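Following this message is one structure expressed as structure tokens.
Note that the chains are named A, B, C and D in the order they appear, and that numbering of residues resets to 1 at the start of each chain.
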Amino acid sequence: MSSEPPKTSRKLFFREAITRALTEEMANNPKVILLGQDIGKFGGSYKEFVGLIDRFGSTRVLDTPVAEAAMVGLGVGAAAAGLHPLVSITYMDFLMLGLDPLVNYAAKARFKTGGQITVPLVVKTTAGAKGQGVVHSQCIEAWLMAVPGLKVVAPSTAADAYGLMKAALRDPGPVVYVDHKRLFATTGEVPLAETIIPIGQAAIRRTGDDVTIVAHSWMVRIALEAAERLQTEGIGCDVIDLRSLAPLDMATITQSVARTGAMVTVEEGQLTCGVGTEIAFQLREHLENARIARVGALPAPVSSNPLLEAACIPDADRVIGAIRKLLGSNSA
Amino acid sequence: MPNPDSDIFRPLRAMMLIRAFEKALVSRADHGFQLLSSGEEAVAVGLCDAMGPDDQLLSSGRSIGPALARGITADQVMAELLGKATGPNRGKGGRGHIAQPDIGFFGAHAVVGGNLTIAAGVALAMKVEQRPGVVVCLFGDGACGSGALHETLNIAAIWQLPLVLVCNNNQLSVSTARGTALAPARLSDLAIPFGLPGATVDGMDVVAVRDAAREFIEAARRGKGPAMLECLSERFFSHSTATRDTRSAAELSEIHARCPIERLAHGLSPAIRAALQAEVDAEVAAALTKADNAPWPDLAEALSDVL
Amino acid sequence: MPNPDSDIFRPLRAMMLIRAFEKALVSRADHGFQLLSSGEEAVAVGLCDAMGPDDQLLSSGRSIGPALARGITADQVMAELLGKATGPNRGKGGRGHIAQPDIGFFGAHAVVGGNLTIAAGVALAMKVEQRPGVVVCLFGDGACGSGALHETLNIAAIWQLPLVLVCNNNQLSVSTARGTALAPARLSDLAIPFGLPGATVDGMDVVAVRDAAREFIEAARRGKGPAMLECLSERFFSHSTATRDTRSAAELSEIHARCPIERLAHGLSPAIRAALQAEVDAEVAAALTKADNAPWPDLAEALSDVL
Amino acid sequence: MSSEPPKTSRKLFFREAITRALTEEMANNPKVILLGQDIGKFGGSYKEFVGLIDRFGSTRVLDTPVAEAAMVGLGVGAAAAGLHPLVSITYMDFLMLGLDPLVNYAAKARFKTGGQITVPLVVKTTAGAKGQGVVHSQCIEAWLMAVPGLKVVAPSTAADAYGLMKAALRDPGPVVYVDHKRLFATTGEVPLAETIIPIGQAAIRRTGDDVTIVAHSWMVRIALEAAERLQTEGIGCDVIDLRSLAPLDMATITQSVARTGAMVTVEEGQLTCGVGTEIAFQLREHLENARIARVGALPAPVSSNPLLEAACIPDADRVIGAIRKLLGSNSA
């Protein structure tokens, strides 16, 4: 009698993976509370909070007014006083309104108090474009990477959304956890067993010998699409999913590029002072002769106009073009 | 046949245009989600009826009603919302960002509360240069939780800026009931500590909105400084065409029964209603056709007008 | 000889300690500029007299008075301000950032208005975990122009947080007179639209401050929610020891005549005053000596406690 | 009879050079107004506004409340409506409170309105450490460089403070003009004739053949000190003063490094995703084999503690160390 091996994972929507992580962590740790706009009965703009208020009540799942500065400040203060809050800032563009408590207080509290105060806070937010225009599309991860005292993670798969959210909710913090609007409706296998993805570890999503593509969040999918298409013309790509932007896992990147000799970074945000630029610098400290190119948004706002949005942000064609140019320029 | 210049005719037609426009627009779901003003027409129309040619209106992202009421043509609003190059923003701003300062619509801005300090700055420019205009900033109840309102009220008060703050209180911010998000009993009370006049009116009554707005706008024009007007309104549809509604069918039918158009049109002959309806429907249909036939922006626009 | 536990004795000594401390501190100009509380002692002392051991105080950068009044020792405050490793923040926070949460001084923060939302968060933690404490946030009149106050008042009101907001209105923000920067007639009126109790008291009268604070703190402790207290005070010195004063000698002498210490000590025998003075002077001198002799932080501290 | 040549310049304090630029521009252009905390009778925290209110009155020199979000928003709105305002944000750390109007409105207004609105605004602010601690010391220029639609300038001399301020006040904007707290009390020769420094042009402050040091603002002085000391051991340095961070003058940098073969970037802010990192990337697109090192603050908050502050931010010793290592590693 043939029997299927027992399932060890289950397919979940990305948003469901977040819900699962939140549910488990809230069940395990009464100090975890959630603050956000429309995260209660409504369940969040991307449905990632559905059901939590029913299970944990309105003392632990708090609908806030539209007041991002106070939302972040409340989370910071509550964390500093011993809770482990998650503050949901629906759009990263509006995290700008809360940078004062995040950067000027949370990221510095432990240092400035000589260790008396820590801030075990998670700020969950959403980057990237999906037809919503100039103030709902920005990616400011690179700003946050540059702030001493902050950790930054950005999953691209349901399993990592689950595992990184859990890690973030156990971290002494503060951690900024970044979703992408286009990811919530994607699906992926998530381990049935409780699985934490440690902050600071990249993942290799695909292997190939000719070039390393480094990306995070939605751009990992663009990178994989590019890699697949390049395979048909005989170009093999390592695709590295950063998962964690601060700290960066330079070891995984360096190992890959040591083998491939070339790296293309792909990000949806700006190239200038961006994620790829930083990785390129650090990489070259180990591998002086690596060939490197970076792909990112055009230096312009992202219009909600579908044609202009598409023209602004990277797609597989642009990644492929950059790789062909990079590899070609070497062989030439 | 009513006099086209009569008090009721013009606002009625303006409100019907907004309603017809949105009805036509949502038939085109391929153009992404939209933020509809249906139910709230009396706020936009009453307010704009009180504004003069030198004045500037700034609005929140929910801007179809305000843009049309202020006089951007249906052709242009439609073109902008469908992303066409013939829109006033050349199809680059779209939903939430439509603007035409040269006719007095300084623009929508999709950051909740984000236009408040900008509006104060526009008012400051008017004051410094002694221009005749008054600035009106229209925002939702959601924006009343934001610190920008406080900073704006205070500065507008100390500098006596020609600024009228108008809260379109549709009692919801996405799914969040105004009562659970905002402590004040009346949102216009927020003006009181700053020594500014505040008033709350029925935002389903276009005449009440217009009269209250006119008083504040004319006072500001005479150098009497800023004020805050709250208009209690109802949002007929969900937050956006891509958002689920959280209200029950019963609630919604009660809300729809408060229709500002029906209220104003009450007593008007069916024939006149029908004629007006035909007129605005034709205007909207023409706008849709023109927008459909209009060109998309050139891809080079993705990088133009940045620096 | 007055009873050391009498109503007047303890606050008097606490105020005199602050005054003496600052006098000693400014003799050490080599340690950078300082933000002095002299003249405002009654606010800090009255407030802290109304607080219990479970409560937490958060303050603005002008924190010498509040830190001492809340019970951080002169030794420790001095060490911190002189950058020594024996300070509660190990000499890393310094002026504007002193903190000792384990004795109920959650900390100073040098962003004007920056501690308001943080304090609300501390209060939220207390409420969620049903801890017995109340959170008090002390800030200047300058912070009343900031939107953080509005967001904090609103959220504290809707969630009924155990939070008492106390404005130390010394009527100046650097050089800017409160009257030119802030429209409200009374700053505590800002609480009114949110349905919160507000009161304004003479901040030069330690008993008035204590009584008003006690009422609000005890109400918050009983679950009655937040409140806002304004204390009208006077800043004796310029904004910081590195800042020029803008007030005339005549103005300053009028201000100094309102001294909260003299006011409370009125009628006390000169001998007792002198004894008290000697006591606080000795305490401060010892603190200074200890701080001078204390080690600097290790240079490795520049990179420690970051992540 | 011997006669001195007529003087063409005059020694001014850095802060006086700013005052002069403001005075001239306000006299020339009634649309220029100033908003800031304590900039009226008090004359500004660094005295750079002294006398302006007496000359131009309180309609054009406006003392504001402490409300950075509104201050920036007022400037943005007034600029969008046709004035040319300058908003003074005393400390760059508090510009975080005003990033929403600056980044979400000002930097995008021209784009999103299809050119209908421009924002001729100058935000003047002050970066860097001078004993004021964790929230009065930050350098977030790199964040601003990454925002499409913003220009960023940061003078290091009195003449440039004068010339760049004038350029900023004539630019279609928005421009962020960055001072450094330690510069106000420095002096320098400023041309008597009206002289505008175009935005986007770096300056070469010293020449040498062995290495190029690239810096801006206060760090230019540190770079010059390092260069002088290195000269004594026979190492010649080009010192480039960026002056403008957005746009960057890569041509001047590239020309210099083409000659020296090595570049050290020096900044007071964070290295991660920083100014130097961006310059390094762009440089290598032209000069693949340039040796590059970057010097910046430790990845930590800046304490007001004099010892810890000094340990955190770059000084000439660290620049010299980096240069020795860079040049040595090559010869090794």
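Just so it is clear, a contact is a pair of C-beta atoms (placed from the backbone, for glycine too) under 8 Å apart; a residue touches a chain by one contact, two chains touch by 3 or more.
Computed from a prediction, not measured in an experiment: that's the story for all the values here.
Centroid distances built from C-alpha atoms place C farthest away from chain A.
Simply put, of C-D and A-C, more C-beta pairs touch at A-C. Separating the CA-averaged centres of chain A and chain B is a span of 36 Å. Spacing of chain A relative to chain C, judged by their CA centroids, is 41 angstrom.
Chain A and chain D have centres, each the mean of its CA atoms, that are 32 Å apart. Residue positions 64-65, 67, 69-70, 93-94, 100, 104, 111-112, 133-135, 148-149, 298-301, 303 of chain A each touch two or more of the other chains. Shown for chain C are the residues in touch with two or more other chains, namely 91-93, 97, 109, 111, 114, 145-148, 151, 154-155, 158, 180-182, 301, 306.
Of all residues in chain D, those touching chain C in their complex are 37-38, 40-42, 45, 63-67, 69-70, 93-94, 131, 133-136, 298-301, 303-308, 311-312.
Those residues of chain C that touch chain B in the complex are listed here as 145-151, 153-155, 157-158, 180-185, 189-190, 192-196.
Residues 56, 87-93, 97, 99-102, 106-107, 109, 111, 114, 116-126, 128-129, 147-148, 151-152, 154-155, 158-159, 301, 304-307 of chain C are the ones touching chain A in the complex. Only residues 32-33, 83, 91-97, 109-114, 142-147, 173-176, 180-182, 243-244, 246, 296-297, 299, 301-303, 306 of chain C touch chain D when the two sit together in their complex. Residues of chain D touching chain A in their complex: 69, 93-94, 96-97, 99-100, 103-104, 107-108, 111-112, 133-135, 138, 140, 142-143, 145-149, 246, 269-270, 272-275, 277-278, 280-281, 284, 292, 294, 298-301, 303.
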